[in-house]
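Structure provided below as structure tokens; questions to follow.
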Amino acid sequence: MKRFVVLLVFVLSVTLCGAAYAAFPAIPAEKINPGFVYIGPIGDGGWTYMHEQGRLAMEKEFPGVKSTFVESIPEGPDAARVFETMIRNGSKVIFGTTFGYMDFVQEVAKKYPDTIFMHCAGYKDAPNVGTYFGRMYQARYLSGLVAGKMTKKNRIGYVGAHPIPEVIRGINAFTQGVRKANPEAEVQVIWIFSWLDPGKEKEAAKALIDSGVDILAMHADTGATPQAAEEAGIYVIGYNNDMSAYAPTKHLTAPIWDWGMVYKETIGQVIKGTWQPSHIWYGLKEGMVALAPYGKDVPDLVKALVDVEKAKIVSGEWDVFHGPVKDQSGEVKVPEGAAMTDGEMLSMNWFVEGVKGDIPK
Amino acid sequence: MKLSIKVEPRLETPRMLGIAIPVISLAAALLSGAVFLFFMGVSPFQAYSTIIRSSLGDAYGLSETVVKAIPLAMAAIAVMLSFTMLIWNIGAEGQIFMGAIAAAAAVRYLFVDNHLAMFAIMFAAAGIAGGIWAAIAGYFRARWSVNEIITTLMLNYVAMNLLNYFVYGPWRDPASLGFPMTAPFPDAARLPSFWGTRIHAGLFLAILFPLIFWVILRFTRWGYEIRVMGENPKAAGFAGMSYIKNVVFVMFLSGAIAGIAGMCELSGLQGRLQHGFSGGYGYTAIIVAWLARLHPIAIILVSFLMGVLLVGGETLQIVMRLPLSSMLVLQGLILFFVLGGEFFRKFRIRILSGGATPPIATTSAKEEK
Amino acid sequence: MDARAPSKPLVRMEKITKRFTGVTANLDVDFDVRPGEVHALLGENGAGKSTLMNILYGLYRPDSGVLTIEGKDVSFSSPRDAIASGIGMVHQHFMLIPSQTVWENMILGLEGLSSVLPKRAIRERILELSSRYGLSVDPDAKIWQLSIGEQQRVAILQMLYRRAKILVLDEPTAVLTPQEAEHLFVTVRQMTSEGHGIVFISHKMDEVMGLSHRVTILRKGRLVGTVDTASTTKEKLAEMMIGQKMIFSIEKKELQPGKPVIECASVCALGDRGIPAVSRATFMIREQEILGVAGVAGNGQQELCETLVGLRKVESGAIRVNNEELTNSIPKTFIDKGIHYIPADRKGTGLVPNMNVSENSILKRYWSRAVSKKGFIDWKEVFSFARGLVSRYNVSTPSMETPVRNLSGGNLQKLMLGRELSDSPIAILAVHPTWGLDVAATKFVREQLLAAREAGCAVLLVSEDLDELLAMSDRLAVMCKGEIMGILDSPAETPVEAIGLMMAGTPAEEALASAPRGGGKS
């Protein structure tokens, strides 16, 4: 098993460095017709909403490009048909915006080798498939600093979507931030096993509130968690976009996405004929992830701490999972002086010290 | 002149209405949909032709419509069977999940490198798992009169969480970097697909099941018993039929068919078990079964039409750049009119005008002032 | 009957016509009710009585015709309108909520009540009304605790509470003991003396003759005529009803009963509510005899029959069929042994309303070789069987494919009777087989039961019609509260008063001692 993981990490780091794929020939702007496939409705106020903002930003940048989108496509065989229908209706570039589309992207990509696919959050590539994601963990870390400073009871709740590396990494980074600011604080996690389910999100948030946390953080697609926090009168850290609309008085900040960056870059490359499959993983430095504006209750002292930590990350002097990092049992996972590789981070499957909760095995 | 409207039950439905009503309903649905599309700023003609063209107009569209209709037809047969007996199995969705889980288990633990043998094993596993899942609710209903609507619905969530447990836990593919999915199935565990499309061997079952159950319900002793029990359980007891035994058995069969639908979807399309399996076929099947008025053969047709609506709807979003919600409104309108037409089969409306028939008045006149 | 001056009618229905698909239920019917009169409405089943009254009560709307209440034209779109106009209806099956109290039922569906219920005022009004009309009932009792007779009183009170001026009583005595019926008549007379108008629907000629002032007869949806009761006779009314002279007597052969077919020993069973419904029933039914079971509805007769066919669990005691112990066997066993059952609830139990005539005809024989082979039903055979049944038993149906819900009560009963008798049963248990049937159908059913008896069948006949029981039965068991009060060996010679006392719970010896001997039926 262990040997297998080593092998896996090796394979992964090779692919992450970018296999030798050839660049695609240029496509005129008016012929690209990029198609965006969303898992949720564009009005979810979170994940899909931000992708839609990215799409709009891209269209603004390239007025000649006419894009199209389909909402609420579940992570199942229907996705393959939507990809194919888009291609049959003239799309030359397809963006699949959720992890669960991975197999179907591969399936359709094989059938249409001349179409470019960009898959969000997955790990499989192909001569015509690239992936894109961001180092959200860096922004999560910063938001953790804020939460760590603002908690009074030293108990923070975290609504988690799926127990997969992406979410686990976010929880760990957040907790690293919390513990940096406040070594006494703990982060309590509840899984809802869904990306998009406002009912479950709110229920989980309420359960955490009932258990006595005084700050909520979240990794799910909608603004249900901030709503629950506002109703209960406790602070909340959003996700995806500035969620202060859902919690006008209690929203501290939120780690947010700028997908438009990737969409603009990709379409620009396609027009120029420089696009080739790669694994995009931009962070604070590139500006693909950031913190939303602070709420009025966040003191300047806390903001200053965040700025200091951010500068370290942006400069490349330090990153979130630089050692020492301990797991829940106190065992040192990353020794002093070492750092986790991207491959290790992408398959992270354990919690750091300070997280309360389990990962289903 | 004052008009009033009176609704009266029909004692018998004239044969002509049986044909006229669905046709008129569909026409009314399309017409109101056209008005809606017009106000959305879209040419209704273009929109409808897009739906038809994309779902029926070429080999690909047609094949995808069939792909969509396959699980719908099977799941609709499953719920039809229980509905015929007036047992409300709302849990086809969960039974689909159980069938898929069992099929995945079969691939994992009982793998044989032979298409036919693997198909038989997965078929049996999915049927038994889905069947038992439904039979649990059936037994509770028969033995203690526990409302099966609630139990089957609740079991849906249990099944969903069970699937989560397996794909997040013991069955997680180590090569998936911790993502919730099993390893891809070996080729022998995949249903063959045909003509270069995604149409898979499930098609035959989706046609065979309706035919089989049409024959059973129409011509066999057991089918007769089921219909009597559905129409009048007391009369069934009076005629010496065992209600309890049959409730459990019908639920088992119902769940088994749903389970097999899940297995076909899994092995025919997905190729691995992962989170987010099934797209609510178990629920859509309920609508299909009702639209088909619980007639097994009509279920094939309605499933296909539902496929047209779903596939065409997606394309409409892409081509006309319509938001999803407008598609839902359009689909809702069509279902509303078609189901609403049912009302006119059972009732008739009489419009009485003040002059022609008995003077209408004092009581309502009182209310008027 | 006192000849009242024809005063202005409370309600007048003129030229009422009502058609359903293919059926004319009422055609140009005139009907009126005057204050202070009992107006009887007579007619066979399907003659259009119910339709006419449902129009009056706002359930149906007439196709044409005029309805006036106290001189004003009205049109009802629902019973609510009718109630507001002072029309009240007491159905055969009372529209009461069993789990609620009498006073709560009183205000059921009333509008304009304050949100805090004025319980005291309601109770006082109930007590006032019940003493005025002799309708004694405990306002705080729950409906399910009341006997059928008491429930009927509540239903009448409910209408009076709503200040109904016109009361429609739909076969009110069908569910009552003779004593209770007498009591009801007192109430009715009290109401008429206060100016209420009563519509009285009944099949029982004696009651019509004794109670009503005028009689309206309907036949096949048309008005035959309205006559003053004082100037007519039972025979004339019957003639108007069926359009021909008819014979009331029953031809019954003298037969010697054979060996016991069904034997019951101390059978106890629970009712649907888990309360004892049958206690220590001991009796037997022999070949070639009819054992009548008298009693007011709901005194365990139906439950008793259900235990005899395996539909109800026997808590203690034993049931033997031809000397074979069959206690608590499954229904199929009883059917296979040849015990056939004609339940009172035709559409609810005996038939499947939404299935057609041929499908219903094989309900008890779908497994037989004659109609099914290797698990498949031979519908051709079924059709020919059904056709035979329909012609032998005079079932009038448009086709074999007609859903039986569209058949009239009499035809339903004939179909069911035919089905049960065509399997050459060794015993027939018939519960209220003539209930609600018209004269011709009643006669037919009785003849068929007698024919079965002659053919050697053991017959158990449960009925509320004492005349029928006395005429048909070789022996008569009287049930009260689940117990058999006694079995009379020569029922025709027993005074009716004694049977009435037994039905009310007096043991046989006592009842026979207190009633004058040898009176015969009055």
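Per-chain numbering from 1; labels A, B and C assigned in written order.
The working rule: a residue touches a chain if its C-beta (ideal position, glycine included) is under 8 Å from a C-beta of that chain, and two chains touch if they have at least 3 such contacts.
Predicted model, so just to flag it, every value in this text is computed and none were measured.
When the partners of subunit B are compared with those of subunit C, no chain appears in both lists.
Once CA atoms are averaged chain by chain and compared with the all-protein CA average, the nearest chain turns out to be B.
Separating the centre of subunit B from that of subunit C, both taken as means of CA atoms, is a distance of 44 Å.
Averaging Cα coordinates per chain places subunit A and subunit B 36 Å apart.
Subunit C has its Cα centroid 74 Å from the Cα centroid of subunit A.
Within the complex formed with subunit B, the subunit C residues making contact are 20-23, 60-67, 72-77, 81, 84-85, 309-311, 330-335, 341, 343, 345, 348-355, 359, 362-364, 366-367, 372, 375-377, 379, 406. Residues 54, 60, 64, 67, 161, 164-165, 168-170, 174-175, 177-180, 184, 198, 265, 269-272, 274-279, 311, 314-315, 317-319, 321, 323-325 of subunit B are the ones touching subunit A in the complex. By the touch rule above, subunit A contacts subunit B in their complex via residues 1, 4-5, 8, 12, 35, 41-42, 68-72, 74-78, 80-82, 84-86, 88-89, 99-100, 103, 123, 162-165, 168, 193, 346-349, 360-361. Those residues of subunit B whose C-beta lies close enough to touch subunit C in the complex are 4, 6, 8, 10-12, 14, 219-222, 224-225, 227-228, 231-232, 234-235, 237-242, 350, 352, 357-364.
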